[in-house]
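Each chain gets a letter, A, B and C, in the order it is written, and its residues are counted from 1.
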Amino acid sequence: MANVKTRLLKENIAKVLMQLSGITITGSLFLIVGTILYKGLPYLSWEMVSQLPQGGFYIGKEGGILNAILGSLYLGTVSTGLATLIGIPIAIYLNVYVKNGSFLARTSKLIFDVLFGIPSIVYGAIAFSVMIWMGIRASLLGGIITITLLTIPIVVRTIDELLKTIPIDLKHVTSSLGATKWEVAKILLRYIKPGIFTAILLAFGRAIGDVAGVLLTTGFSDNLPIYIDEPAATLPLAIFFQLSSPIPEVQGRAYASALVLTFIILFIVICTHYLASKQKKHKI
Amino acid sequence: MYSLSSIETKETQNIIFPTTQPHIQIKDLNVHIEGKHILKNINLSIPNNSITSIIGPSGCGKTTLLKTLNRLVDDTKGVDVTGSVLVNGEDIYGKHAEVTHIRKKMGLLSQKPFPLPMSIFDNVAYGPRIHGERDKKILKGIVETQLRNVGLWEEVKDRLDASATRLSIGQQQRLCLARGLAVKPEIILGDESTSALDPISTQTIENLLVELKKDYTIVLVTHILRQARRVSDYIIFVYNGEIVEFGKTEDVLLHPKNEITQQYVKGFIT
Amino acid sequence: MNLRLIKDSIVRNLSAILLFASLAVVLLIVLGLGSKSIPLLQTEKLGNILTESIWSPLKGNFGFLPFIMGTVWVTFISLIIAVPLCILASVYLVEYASDRLRNLVLPLMNVLAAIPPVLYGVWGILFVVPGISQFVAPLFGVHTTGYSVFAGGIVLAVMIFPIMISIMVEVLLTIPQELKAASLSLGATKWETIQKVILKKAKPGIIAATVLGVSRAFGETVAVLMVCGNIPKVPQSIFDAGYPIPALIANNFGEMMSIPLYDSALMFAALLLFVIIFGFNLLSRIILNRLEEKA
C-alpha cells in the first residue's frame, strides 16, 4: 500500500506546519517585546521617568515624560475605579436579581459582549461630539468618561463569567438562611474576590494603553495632571507624538517611553496571572 | 390485586395524613417550568416532628417539590406556581408573604456541603448576624450550641477561626447543618444531603437527623431507598410529577398499594 | 419593612438603573453619530458617498471609497496571514501539544492581547516597515518606504492572533473525544481526522473567531495608522499606502470644526465603523452562544 506512505508523509508535513505556526505566533510576542527592549533600553534614564518636559524637550533637549506617566496612571485609576463601581452592580444584578437565563439577562450579556468589541475610536468620536455639544474642551474629564465607557463591558463580562462558575446551590443555601439577595450577592463577591481584581487589572491595562479614545478627548499637556477640567498627557499619546518627530533623540525617547509602557503592562499581566491562578485554587 | 389506573392515583393523592396541626400543608399545587407540567395537583400534609422522605426516579419532580417548600423554585427561569403551601397555616405563596422570612424557617441541607468563604465560627454565626444579632456573647453561645448539636464542637473548638474549607467534606456537611440550625428553623429540608459523603459521614448525618426530629420537621429528598427506610417515618413516592403514594414508611416500602410504587421499590424503575 | 429589605431594594433599583444606563450607550452612539451624519447625507446620496473615490474636504468632496478600500485591504491581508496560522496553531495546541506546553502558550496569548495598540505600532515602525522596504519589496522588484497596507496587515494579524487563538482553542476543546476516537479507529491518521472530522465540526466556531478577528481589525486605529502611510487613494497593490477609516477619524478630528461638513463626514465614518462592527460582533457572539448552549 503505497498510499500509506504518502498519508503518513502528509501527517508529518501537517505537523511541522502546525509547529511552525505556533512558533510564529508565540514568537511574535517575543519579537515585539524584544524590539522595544532593544531600541528603548539605550534611551531609558532616570531623568526620563522622573521629570516633566523642559523647554526644548520636543527638539531633543532635557526633560522627561513624568507628566504622561502620571496622566496615564491618573486616568487609568479613576476610570477603572468608576467602571468597577458601575460594572460590579450590573454583573450582580444580572446574576442574582434577574432570573437565570431570562431574556433580560441574555440580551444584556450579548450587548455587553458586543460593546466589548466596539473600538475605542468610536467611543472617542461620540464622546468628542458630545463634549463639543456641551461646550467641554479636551480634558482629563473627557478622557475619564470615554475610558470608563470603554472599560465597563470588560468589568461586567469578566465578573459575569466568574459568577457563572459558582454553583447555584451556594446561592440556595445562603438564601435558605433567610438572606436577602443583596446578602447573597455579598457572599458571592467574597468567593470571587481574586477574580474581581483580575477583572479590574484587565480593565486597567486596557484603560492605560488606549490611544484612540484619549486622542480625541483628553488632549495633551506638559504640566502635571492636577485639574480634571484641563487637558492631560497620557503615555501612549506621548509615544505616538514623539515618534512622529524627525529628530532622532525624540524618537529615541519614544522608544524608551514605549519600554516604560511595556513594563507597566507586563507588570499588570503578571499580577493578573497570579490572581487568576489564585481564583482557580479557590474554586469549589 | 391492584391495577394501575388513574382513578386510583387520584385517590391516593388526596390523602391528608392525620396529625395534630400539620406543619406544612400543600393544597392544589401545580408547577410549570417553561410550559412543562412538572408538579401536578399536589395535595399533602407533612407531619411534624418526623422525617418524611420524598422518593422517586430521577427527573420525577422530587427536587422541585422540595424547592417549592421554601420558594427556591422562584429562581428558576420560566417557572409558574399555582396553589398554596401553608406553613403553620400561613400561605408562603400568598400576596404578603416575605421570602426571606419564610426561608429562615426552613434550613436547607444541600447535596454537597457549601461552606461560606469565611471561618468556621462565622459560618455558624452568619445567619444570626444577618438577622440582627450583634452581641458577641450570644453569638458565641449559639455557635457552641449548634456545633455541639451536630457533634462537631469537640473536633473544631480549637480552630474556630480557621477557614471552613479546611474541614473534611463530612465535617463540612455537619457544619452546614449547624449553620442552618443557627437561624432557628422549624423545618429542615435535605436535598440528597449525603450523596457526596463517605459511608461513615453519611451514617453520622443520618443519626443526627433522627435525633433532630424531636425538635424539627424534616423533609428529605433521596434516591437511596435503603436510606429512606432507615431514617424516615413517612414516605412520599413521586412519579411523573404526581404523588403516587404517601404513607408510613413500612406501608409504602413493604406493602405498596400502587403498581408503579411496587415496581420502583423492587428496582424495576430507576 | 425592615432595614435589610430596604437595603436590598435600594441595591436592586440602583443596579437596574446602572444596567439600563450602560445599555443606553448603544443608543447614544447610534443617535449621536447618526444625527451628526445627517448633514452629509443630505448633500449626497449614501451610495455615492460610499463609492466615490475623490476626497477633498475643502472642495466639499467626501468620497469614502479610498478609506473603505484601505480598511478592506488591511483587514483582508491580516486575515490571510492570521486565519491559517491560528487554525494550525490551535489544532496543534489542542490535539498534539502536552498540557504543559498548552498551559505555557495560552497565558502568553493573554500577554499578547494585553499589549496596547501603540506598542504594536512602534514595533511595526521599527521592525515591519523596514523589513518590507529592505527585504520583502526588493524580492518583487518594488521600491517602497514600507509604509503600506501590507505593513498594516501584518501588524493587525499579530494583534488578532490572541483573540482568534483563544476562541478556536476553546471551541476545539469542546469537541467530544468519542468523535475523534471513532475516526481514528477507522484507520485514519491524526491529520486526516483533523481535516475531515475536527475542523468540520469546529467550523462554526472558527468562523465566529474569524468574524471577531475581522471586527477587531476593522476598528483598530492607532497601530494601523502608524504603519499604513495614510494616503487617501485606493491601494492597487499590497505595497501601496492605504488609509483605513479609523485612521481617517484619528488624523483629522482636529480640523473638523473648521471645514464645512467635515465634522459630519468624520462622524459618518465613525457611524459606519460602529454599524459594521456591531453587526459582525453580534453575529459571531450569537454563533458562539449557540455553540456554548449545545456543549
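Criterion: a contact is a pair of C-beta atoms (placed from the backbone, for glycine too) under 8 Å apart; a residue touches a chain by one contact, two chains touch by 3 or more.
In this text, all values refer to a predicted model and were calculated from it rather than measured experimentally.
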| item | value |
| --- | --- |
| Chain closest to the middle, measuring from C-alpha centroids that were averaged per chain | A |
| Remotest chain, subunit B as reference, centres from CA atoms | C |
| Gap in Å, rounded to a whole number, between the CA centres of subunit B and subunit A | 47 |
| Distance from subunit C to subunit A - Cα centre to Cα centre, in angstrom | 17 |
| Separation of mean Cα positions, subunit C and subunit B [Å, integer] | 52 |
| Residue list for subunit B, restricted to those that touch at least two other chains | 100, 130 |
| Numbers and ranges of subunit C residues touching at least 2 other chains | 4-5 |
| Residues of subunit A touching at least two other chains | 180, 183 |
| Touching residues (chain side subunit C, partner subunit B) in the complex | 4-5 |
| Touching residues on subunit A, where the partner in the complex is subunit C | 7-8, 10-11, 14-15, 17-22, 24-26, 28-29, 31-32, 35-36, 39, 86, 89-90, 92-94, 97, 108, 110-115, 117-126, 128-130, 132, 149, 152, 156, 180-183, 185, 202, 205, 208-212, 215-216, 236, 239-240, 243, 254-255, 258, 261-262, 265-266, 268-269, 272-273 |
| In the complex, subunit A residues that touch subunit B | 99-102, 167-180, 183, 187, 190-191, 282, 284 |
| Complex contact set, residues of subunit C against subunit A | 4-5, 7-8, 11-12, 14-16, 18-19, 22-23, 25-26, 28-29, 32-33, 36, 84-86, 88-89, 91-93, 96-97, 105, 107-112, 114-123, 125-127, 158, 161, 165, 189-192, 194, 212, 215-216, 218-222, 226, 246, 249-250, 253, 257, 263, 266-267, 270, 273-274, 277-278, 280-282, 285-286, 289 |
| Complex contact set, residues of subunit B against subunit A | 67, 70, 72, 75-77, 99-101, 103-104, 106-108, 110-112, 114, 116-118, 126-127, 130-131, 165, 176, 179-180, 183, 189 |
